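Two complexes, one shared chain (chain A), two partners (chain B, chain C).
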Partner chain A sequence: MRTIQTEVLVIGGGATGAGIIRDLAMRGFDAILVEKRDLTHGTTGRYHGLLHSGGRYAVKDPKAAVECIEENRILRRIMPHCLEDTGGFFVVTPWDDPDFGDTFMEGCRNAGIPVEEISVAQMLREEPLLNPKISRCFRVPDAAADSFLATRLNAESARAYGARIWTYHEVRDLMMDGQRVIGAVCYDLVHDEEVRIYADMVVNAAGAWAGKIAAMAGLDVTITPGKGVMVAINHRVLNTVVNRCKMPSDGDIIVPIHTVAVIGTTDVKVSDPEHFAIEPWEVELMLDEGEKLVPGVKEMRILRAWAGVRPLYQETKAVDTRDITRAYTLLDHETRDGVSGIITMTGGKWTTYRQMAQVTVDRVCEKFGVQRECRTHLEPLPGAEQHGGYHWLGARFADVERRQAYGDLICECELATREDVERAILEGDAKAIDDIRRMVRLGMGPCQGGFCTFRAVGLLHRLRQPDVEEANAALRDFLQERWKGLLPILWGQQLRQERLDEFIYLSVLNVDHLPGPKATRLAPVMYDPPTGEAPQGRV
Partner chain B sequence: MRMNTYPDVIVIGAGLSGLTAAWQLAARGHRVRLITKGWGATHWHSGCIDVLGYFPIGNTPPVSLPRETLATLIANMPEHPYALVGIERLEAALDAFATLCHDAGYPLHGSLDSQWLLPSAVGAFRPTCLAPETMMAGDLSRHDREPMLIVGFERLNDFYPELIAANLIKQGHLARGTLVETPTLRRQKAINTLVLARLFEQATFRAEFIAAVKPKLGKAERVGIPAVLGFDNALAIKAELEKAFDRPIFEIPTVPPSVPGMRLHRILTRAIERAGGDIRTGMQVVAADTKGDRVTTIWTEAAARRVPHHADTFVLATGGILGGGITTTYTGEVREVVFGLPVNAPTDRMAWLYRDVLDERGHPIFRAGIRVNSSFRPLDGETPRYTNVHVIGTTLDGCEPLRERSFEGIAIATGFAVQDALPTTNHSTSA
Partner chain C sequence: MFVEQTLDNCIKCNICVTECPVAAVTDKFPGPKYEGPQAARFRQPNQPLTDWSVDYCSGCRVCNMVCPTGVRIAEINARARAEMVRKGAFGWRTRLRNNLLARSELLGKVGHPIAPLANALLQNPLGRLAAEMTLGIARHAPLPTFSRERFTAWYRAHQPANAPKGKVVYFHGCSTEYYEPRVGRAAVRVLEANGFDVIIPPQHCCGLPLLSNGEFDAARNYHRRNVNSLVEYARQGIPIVGTSTSCTLTLKEEAPELLDAFDEESRLVAERTFDLSEFLLNLHTRGELNTEFRSIDLRAVYHPPCQYRAHRVGRPSLELLRLIPGLDIVESHAACCGIAGTYGFKAEKYEIAMQVGQPLFDLVRATGGPIAICDSETCRWQITHGSGVPSVHPMELLALAYGYEPEGVLQQQTL
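For the complex of A and B:
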């Protein structure tokens, strides 16, 4: 058992937690962040990758809309290299109320979101695959965001300012001294040991898990996990974020992100952020709705499906999760519950993570009785200046060409080079192949790890020299991790691809008969088995 | 070539089963046309002939006496392709295949009475029945105490000698891994197994390789390298290296593309052409005309042009889900693409897959296959759907070729045995 003392302990390694630890470190606090898996393992790593303009909430949730456009401007300044400036369309399809367009325009103007109606002909010039039956189109400053990279850079910046960030550290309990939280008992999954972290202040930024953390201090924080299912198409069918111009609903958005396009999303209340299924009706709904925006989507090859849980918070009991505000909430448990030493930041969305961090750390400053100014909106994230401008789709290929690195591709689908993977292992401190994936997009393309899993394990073994049984288990873990997101969408060409991957791993390599455990403690947490039932009110 | 002659038999698909069938039928005097969209599993597989590695499938020890276990399999699984073929014909098929390779200067060794355990590219033991001579010295079942040196190449992404060695050590063998580089390799922009295979065909590169490896030999008594010892003269190249090292050398099959698989491919396509067979690639079969219980014509599409092909008999060797001969949709439909033959598969998509990717039982959908009678005629219920269509290879029902490690065995056995179902020919052989 290890025991550590710090000023502030942040629980949760998603966008919010990483934003908070950076802000804390920049304001001179001694801080530690613990995350039970890898950074972005939770909701941050499982959303569609949209930087909101606020248009989506312009009519329904004006407060959230204002927050979005404010942060949209800031993030474009501090992390352009994590964003692709795709722009966004809101389109009125034959299934939508044609009058909603005017309401939408007005909502955008009220929230301060730049909006412009363009002709359908112009829309089709820019996005020829969009449904020609679309009647109106509005342009807003949506963008595509790499939430993996952004979170990692927040963490990198925090580390540079002296923070410590410990992944694979699961909070098992909060330590109390009377009505005061004094730290957390953590379990280090990698080293299989307990770690006690004493802190003057604990910041609960566990997102959809925040209720579980709060309960460890006897606090009642009701988070309604709202499950969202997303489906990635094996083509970048659009280069612009496209939203349906209507009240937010299921399957009404397609985001081009890196080499794929993502259709999102459902919103289903689940009881537990850890245990939920991806139901066949959810995948089919995404395809049916996607078809309305881009005819033909249903016949395309689907790469993968995944689901994240939105951390929706409301003090009063909620019925339909879509009606809960997307704006965030800071809970000061000292004033709310009479328990000091802990605050909870929850709700919100990826786009507003920085503002949420700022508000949180402002409160931490108050608690410590110090005045230190936030600078996260001024100081760019690491690499922004060298990179010079937004990310663009061809960037990786241009880099491979510049370095003539054609022979060095470990993951051909995503153009991840040996150098990238080696850096992820050595400098990025990757503990599992899945960690390398989040850093360099390894295994995220059409073959879903068919060729690169073996190579990544070979490199991991060469560079780290772990016991070979660990390397074998890491290989099996990653095959299983990819399988997790393939299960809901395996048919057609993607099913054939999986059979080829089986051919390689069973027939050629025989990995199912390698020595070592079947899986490790770092193995993926699977979705629940689908029930196969259609939900009430939906057929 | 009889490009414009009306063929007796059209074989659809150029994986191991299609190639074997075309070769055997052509050699027996049939006018054979092989039509294929592209090359099949020969370019992916290990280059060995796996007949039966695990039975029952799962985390069992490998089959050590294939003949005995095959008898059990046949007794218990009457629908299995091996049950349709029988051990005798399986053995005849393996003998014929081994003879073909031997005559081509690329001998395969092994029989149904023993199993080789050859190291894979991660250092697992692969159970296999027939293996090329270039891989023999890697056998782990017989000379287990001889220390091995596993040699890889700097910048070759598909071979990690340290990982192989570590796994071999874990399983009780003596092994060491090392990487080499040579002046020629330093000048190469990209290094992969095909590049290396071409380089090994050059004497100057072999000299560089020998110079790089020699100082590292140490106490190793045998040397393992990725399977890249050239395409056409692997045996001679191996002999040259063995002489220089004064030790046996063995190839380890790599992930695709497979150099030893391509060697078998070359041997088979040459045998087909020598016997007068006509191979047409780049042609996808898109439709078929039928009359009663017979198929009269198939239509191929290439360069956006449809072309009809008539024949008396059609042999379907399109390789199931892996080969693209069986497709699936999100509604749970499972379809045989050329003739629309009935496929035996679970129709409920929820029952297609298990939650564990390496589930020992094998995923039910990957057993999707065509049920056939003893003459490989596809069945609709209990009667043949067409009298002049025969289905072979891993499109067949009743097996799980990857979990059983029977992929090549089933392909060659059924590709060989299908000739018995065809009428004997009046044509003389062209050989």
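For the complex of A and C:
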């Protein structure tokens, strides 16, 4: 057992937690962040990939809309290299009320979101695959955002300011001294060891898990995990974010991000943020709705499906989770529950993570009785200056071409070179192959790890020298991780792919019977098997 | 978009990579899987230039042939090169060079009237050295010589035989017109021997060399004009045949696919277009081919050019040649002769092209016949250049077998 003392302990390594630890460190706090798996393991790593302009909330949730556009402007400044400036369309399809367009425009103007109606002809020139039956189109400053990179860079910046960030450290209990939280009991999954972290202040940024953390201090915080399913199309059918111009609903956005286009999403209440299923009707709904925007999309190759859970918080019990406000909430448990030493930041969106962090750390300063100004909106994230500008789709490819690095690709689909993977293992301190994936997109392309997993495991073995049995288990872990997102969409071209991957791993490499444990402690949590039932009111 | 959409079929099996003749000989070209279905996911029209290595794709289409899932790799590559051209990847010198090589019709029109002078220049080692240094046209590459008489001039003077079997349109292509009219004469004779009336409407370069140099706008222009000139015949159900396998492939599918020319007229022309051997073999299947062949005692390699294999019609020329008594044909299974249209003429690609063709050159030499046989003009020049053995079109042998006087290299053979 290890015992550590710090000023502030942040629980949760998603966008919010990483934003908070950076802000804390920049304001001179001694801080530690613990995350039970890898950074972005939670909702942040399973979201839709959209930097909101606020357009989506312009009519329904004006407060959220204003927050979005404010942060949209700031993030474009501090992390352009994590963003692709795709721009966004809100389109009125034959299934939508054409008059909503005017309401939408007004909502945008009120929230300060730049909006412009463009002709359908112009829209089709820019996005030829969009449904020609679309009747109106509005342009807003949406963008695509790489949350893996952004979160990692927040953490990197925090580290540079002296913070400590410990992944694979799961909070199992909160330590109390009377009505005061004095720290957390963590379990280090990698070293199979307990770690006690004493802190003057604990910040609960565990997203959809925040209720569980709060409960460890006997606090009643009701987070309704709202599950959202997303489906990735194998290539970029669109290069602009496209939203349906109507009240927010299921499957109404397609986001082009990196090499794929993602249709999303659903919203279904689940009882546990970690254990839920991807139901066939959800995948089908995504494709049906996607078809309305891009006719023919249903016949295209679907790469993968995944699901994340929204951390939706409301003091009173909610019925339909889509009606809960998306604006974030800071819970000061000292005033709310009479328990000091802990605050909870929950709700919100990826887009507003920085503002959420700022508000949180402002409160921390108050609690410590110090006055320190937030600078996270002023100082760019590491690499922004060198990179000079937004990310663009072809950047990685252009780089491989320029360096003639094509002979050295580990992941051929996503163009991760040996150098990239080695750096992820050594400098990025990847514990599992899945961590490498989050850093360099290994295994995220069409073959879903078919040709890169065995290479990556070879590199891991050479550089880290785990014993062979451990390496075998790491290989199995990652194959399982990829498999979990393939099961819900296993037909057509992707089925063909999986058949080949199956030959490679199960027949040629005999992966199931290689010596070693079946899985490691770091193995992925699989989705539950689908019930196959359609929910009420949906057939 | 049709072409790029096929990228979704790729299962990464690497079969194309193991078969691509260019990737096999140079590290400058990462191979079909990388350039085609993989790179295509990173390409986007309105972003800066990304590509370089794709320019080393020769366009031979071997990858398309072997891909088990139907990815149109070579076409994806061709379109990527067109984007490079559009985005200004090539300097003016390269553009000029590529256009010189690719505008075979223009070259023919300019060069033909001054054939003796042009030939002297083109075959002069000093002139060729200068052309390599200034333009990047490989000095050893097998440039053809202009013929004295244009094919169409011969045709106009030619007395047609009686034609009980109806009409056939002949698309002769640039090479027949300006360099090797004997191939056209053989085609006309073979068709006439089978009772057809051969029509030769006005026509232009099919545009393939431009397509494979990424010069899509110019190619579109040629294609349009050809379709306009041919569509009436197609409407009447008159077959359009060609002896240049690249011209017919272009009319059949390359131009429509690469240029997104999916209009009704292009489709009609495409549907009625056949390679001449394909057409004759169809006749034979119906028992309508004149098979009164005289014997030709000869052993020779037949190489089915890549462009021909891309027609996906089997090996019609081989089957026809095997009908000729005495002819002992050795079928080449070499992937490519290397030249791939204009590819092997480029200084930076000449060596690659020669290495690609080496197995074929070896086979031709080892077989030891007096000639080699191939349907595509540039391939014939390359085979001759690489092996030292003269090459002929299958129609030349068929014409000979029908009893016509031998021409060109066949004259010099003791047959």
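Just a few scattered comments:
In the analysis below, the second predicted complex is superposed on the first by the 539 of 539 C-alpha atoms of A that agree within 3 Å, B and C clash if a C-alpha of one lies under 4 Å from a C-alpha of the other, contacts with A are read in each partner's own complex, and residues count from 1 in each chain.
In the analysis below, a residue touches a chain if its C-beta (ideal position, glycine included) is under 8 Å from a C-beta of that chain, and two chains touch if they have at least 3 such contacts.
Since the structure is predicted, the reported quantities are computational estimates derived from the model, not experimental observations.
Of the two partner chains placed by superposition, only chain B is touched by A:526; chain C is not. In the superposed pair of complexes, A:500 makes contact with chain B and with chain C alike.
With both structures placed on the common chain, the touch criterion links A:234 to chain C but leaves chain B unconnected. Contacts of A:300 after superposition on the shared chain: chain C is touched, whereas chain B is not.
For chain A, the partner with contacts to more residues, out of chain B and chain C, is B. Once the two complexes are laid over each other on the shared chain, residue contacts for A:487 go to chain B alone; chain C is not touched.
By the document's definition of touching, both partners, chain B and chain C, reach A:451. Once the two complexes are laid over each other on the shared chain, residue contacts for A:398 go to chain C alone; chain B is not touched.
Chain A residues 404, 406-407, 409, 451, 496, 500 lie at the interface with chain B in one structure and with chain C in the other. Chain contact summary for the complex, chain A toward chain C: residues 128-129, 234-236, 239, 259, 300-301, 392-394, 396-398, 401-402, 404, 406-407, 409, 412-413, 415, 445-447, 450-451, 493, 496-497, 500. Of all residues in chain C, those touching chain A in their complex are 1, 4-5, 7-13, 27, 30, 33-34, 37-44, 46-53, 69. Within the complex formed with chain A, the chain B residues making contact are 41, 44-46, 50, 59, 62, 120-126, 155, 157-160, 162-163, 166-167, 169-171, 188-192, 253-256, 258, 321-322, 324, 327-330, 332, 349-350, 352-353, 355-358, 360, 365-366, 402-403, 405, 407. Those residues of chain A that touch chain B in the complex are listed here as 280, 283-284, 287, 298, 302, 404, 406-410, 418, 451, 454-455, 457-459, 461-462, 465, 468-469, 471-472, 475-476, 479-480, 482-483, 487, 489-492, 495-496, 499-500, 502-504, 506-516, 518, 526, 529-530, 532.
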